[in-house]
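By letter and in written order, the chains are A, B and C; residue numbering begins at 1 in each of them.
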């Protein structure tokens, strides 16, 4: 019996249309737009100005706080301007525009293909290198990686859990990365283990990727302490708390950090970025992005420079289909609907999904029939129907007593609701309000 | 037989009375009787517009306070406050009547929709998601969060413009809509003499070109109004003009120079074609988007209520150049 | 603008489940029980069911259209389901006019007066049945003897298991196997335990219901009546008889599991099921009514909001 998390969960159609497609590297576009907020936390501070020449890998903005990340140029060329640009958040935010000239990389970057296994750095040096490279959680949450690798005093990491479940339907970027860069990922995992001083790591992969499981299991034999764990297909297994529950059977308490269960969770893409940063001195400036959708001519996995407008990716995958109703940055469950296709690829872009008009439109909402299906699927064990009601009536005390702040916004409730109620829309709003109230109370 | 019943019941009653009397003395909570009196004259809407938790809280605050300055029931206004003052034997504080103003004029015609929102019809939810259906991420979303919080039926979404509109007759300036608007578009401003007021009907902080592209009625932050204003009431910050209503003397000069019509004047009488006007042909009625303002250097013009100041202004020379 | 993109909060896909799918799912689960009732009660079962469904749908349509002034939603299947469940709770020789009154009580009082589907406190079909049971006790408590396929209101009536039990005539009981297939007197849908259990399996498979409510009712009734049977086998029937007789199966599987009127958390469902089990047994063994299932569910329906606010679902990371 395969493991999975123990409360709730759904199994939406997988639709992994681009599975098995090779990763194609895309050339840099004429101009890239590099937003200064590509991560959770404080925006980065620009360190270049208009007209400055940059190379791929040049630091263009440095971390703006403890929870923040460096940002590097993804191309060589000249800074055109520092202005605001519409990004995946749906708002205009500061960004650096860089005109591309040639493709020169910083000299320190090792561009050879050879696999470097040995690492003599101390854990502190590894963490510093990760921070310098601006690595963030590449699964979509974009939490700065170095912060996760520095456990707060009093807590001790026991295990590294690598999130390779890719539970979002459609997306295959992690899958393709595992198939092509398996060895590199495993070296990255050993580096992460060294960084937090643990000798055990588990790579959790959902059972719908048997080829990746077989491939990595074979490779992992050459590395001590790394275990590949096949998991039952269940959404949202990629949620940090859910994955910890699935792999080591410990439930992180409400409001606590994963480290309280002794686990540090990193995405498989992050592990690869760590390998490149530490062994090859390459900052995070490109990533694998899945471009997919039922109407897309060639669903594919691309290796893309940060800041490339997504319409360029869609163009290579066969153009925007006629009846496109929605363009989503990320997967269908937690991705953000984009206002335009000119939004740039950022560190958190795991995929671009195009839905047709028919798939896009929501069905009309009906009255709640209290069928409790949302309760049954909620992976956090909440009552979404009630939390929505509390939000609508602004009953924040009851919402807090119902643990609205624990909602991971996975969308399983809205997905399941037979009355088409926009449960998550309201709960997200209520969660924000309640978290504000909690913060105000603490300070 | 009857006697026994009467006596026993009477005894029970007497014991109960003594007990209740003792309890009421022992556990008595002293409350200033004036609180109840003040609460009596308050409107009882419990809207919280005064800043206190309901009318009871406001009444307690009035009784406690040494002066009534700064205490105002926005719903009841001056009449209620004078009643409160007479109960408490104090002078009613002077407070300007205020009104909610929606500072967005991005009508459907002026602000083309570039995408279609398909979520819950709630401004709070839409604004956490993204900038809105139009190119302007500052403007009114039109899903009516302000409408649903208004206790006085004083604000509505106009289906033609897609914007919130305040019914100033009904508005009590309780401020509920100001708090509800996630875009901070609604502001409480001085109602002004005869409800005449001038304000910048835009909150777009984008650069001029960007703002103009998104909305034909946007403030582009050109600063002409600030230069024109004789009273330094206008400041331009972050590509956006703001008129300080405490300084504005309603001279309407700024309205005339605004190239996009973002500055609005309300409830002014149509401009009379003053006889000595040089450029009489340029004078348009006040309803037009870019009326020519009268010259109003006259510093004696006062903006306090009850004066006829604006009228005086309009009678003056109308001369733009 | 040419092709405007839609923007909405996540999730962007929906599982395709709908209220009507669930309602029709329950109806499919009721088909075996209906076929059995046709086999045993013939024409009467058919007429009662058709009439009940017709009036329920009609009243729902009329009330929505003319009283509530909104678009009727009779196609969602909830009114049909109420009609079928009401019919299943009636004797197969009930005259048409009584059924119509029951349908009006079920839809008008039980459902629409609260605001329609999703807002009612009590199960509409049960409301209708209890209304009829109190208003027409004679007609509602005389059930036809099985096997009169062509008769309707003229059918000869006979005793049911529960009335025998109530009279203390334990020796005249049908055999357990007869009770299992439904070869006994009773309301038209409640007789065959096998058909009803088949329906339950279908609903569990389709994830329309969870096991918590029916199983907790069965277990409670079994344990409670089992203890009483051990104490005094002469006066109290065996737990198997209790499980298979009367409306227990129908109530536990189809009435108590009604979405709107049952608790939402698993623990709440079990409390609710145990409550129904205890109340049913108490009414059956110590009350003057032979059957207590409908009253038990009705009472627990009223307690459901309370259960909902106290029995929260098991919280992730909680104890």
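Methods note: contacts are C-beta pairs under 8 Å (C-beta built on N, C-alpha and C of every residue); 3 or more make two chains touch, one makes a residue touch a chain.
The model shown is predicted, which means the values in this text are computed figures rather than measured ones.
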Subunit C and subunit B - chains in contact with each: A
Maximum centroid distance from subunit C, chain identifier (CA atoms): B
Middle chain, criterion being Cα centroid separation: A
Chains most often in contact, by C-beta pairs: A-C
Computed distance of Cα centres, subunit C from subunit B, in Å: 56
Where subunit A and subunit B are represented by their mean Cα positions, the distance between them in whole Å: 44
Subunit A-subunit C separation of Cα centroids, rounded to whole Å: 48
Junction residues of subunit C, two or more chains touched: 5-9
Residues of subunit B touching at least two other chains: 114-115, 118-120, 125, 129-130
Multi-partner residues of subunit A (at least 2 other chains): 90, 336-337, 339-340, 360-362, 422, 425, 428
Subunit A contact footprint on subunit C (complex, rising order): 3, 5-15, 17-19, 21-22, 115-119, 207, 210, 259-260, 262-265, 308, 312-318
Subunit B contact footprint on subunit A (complex, rising order): 84, 86, 89-92, 336-337, 339-340, 360-362, 422, 425-426, 428-429, 432
Contact footprint of subunit B on subunit C as seen in their complex: 1, 4-9
List of subunit A residues in touch with subunit C within their complex: 7, 10, 12, 90, 169, 241, 245, 251-254, 256, 324-328, 332-340, 353, 355, 357, 359-363, 366-373, 375-376, 378-383, 385-386, 402-403, 406, 409, 411-412, 414-420, 422, 424-425, 428
Subunit B - residues contacting subunit A, complex: 114-115, 118-120, 122, 124-125, 128-131, 137, 206
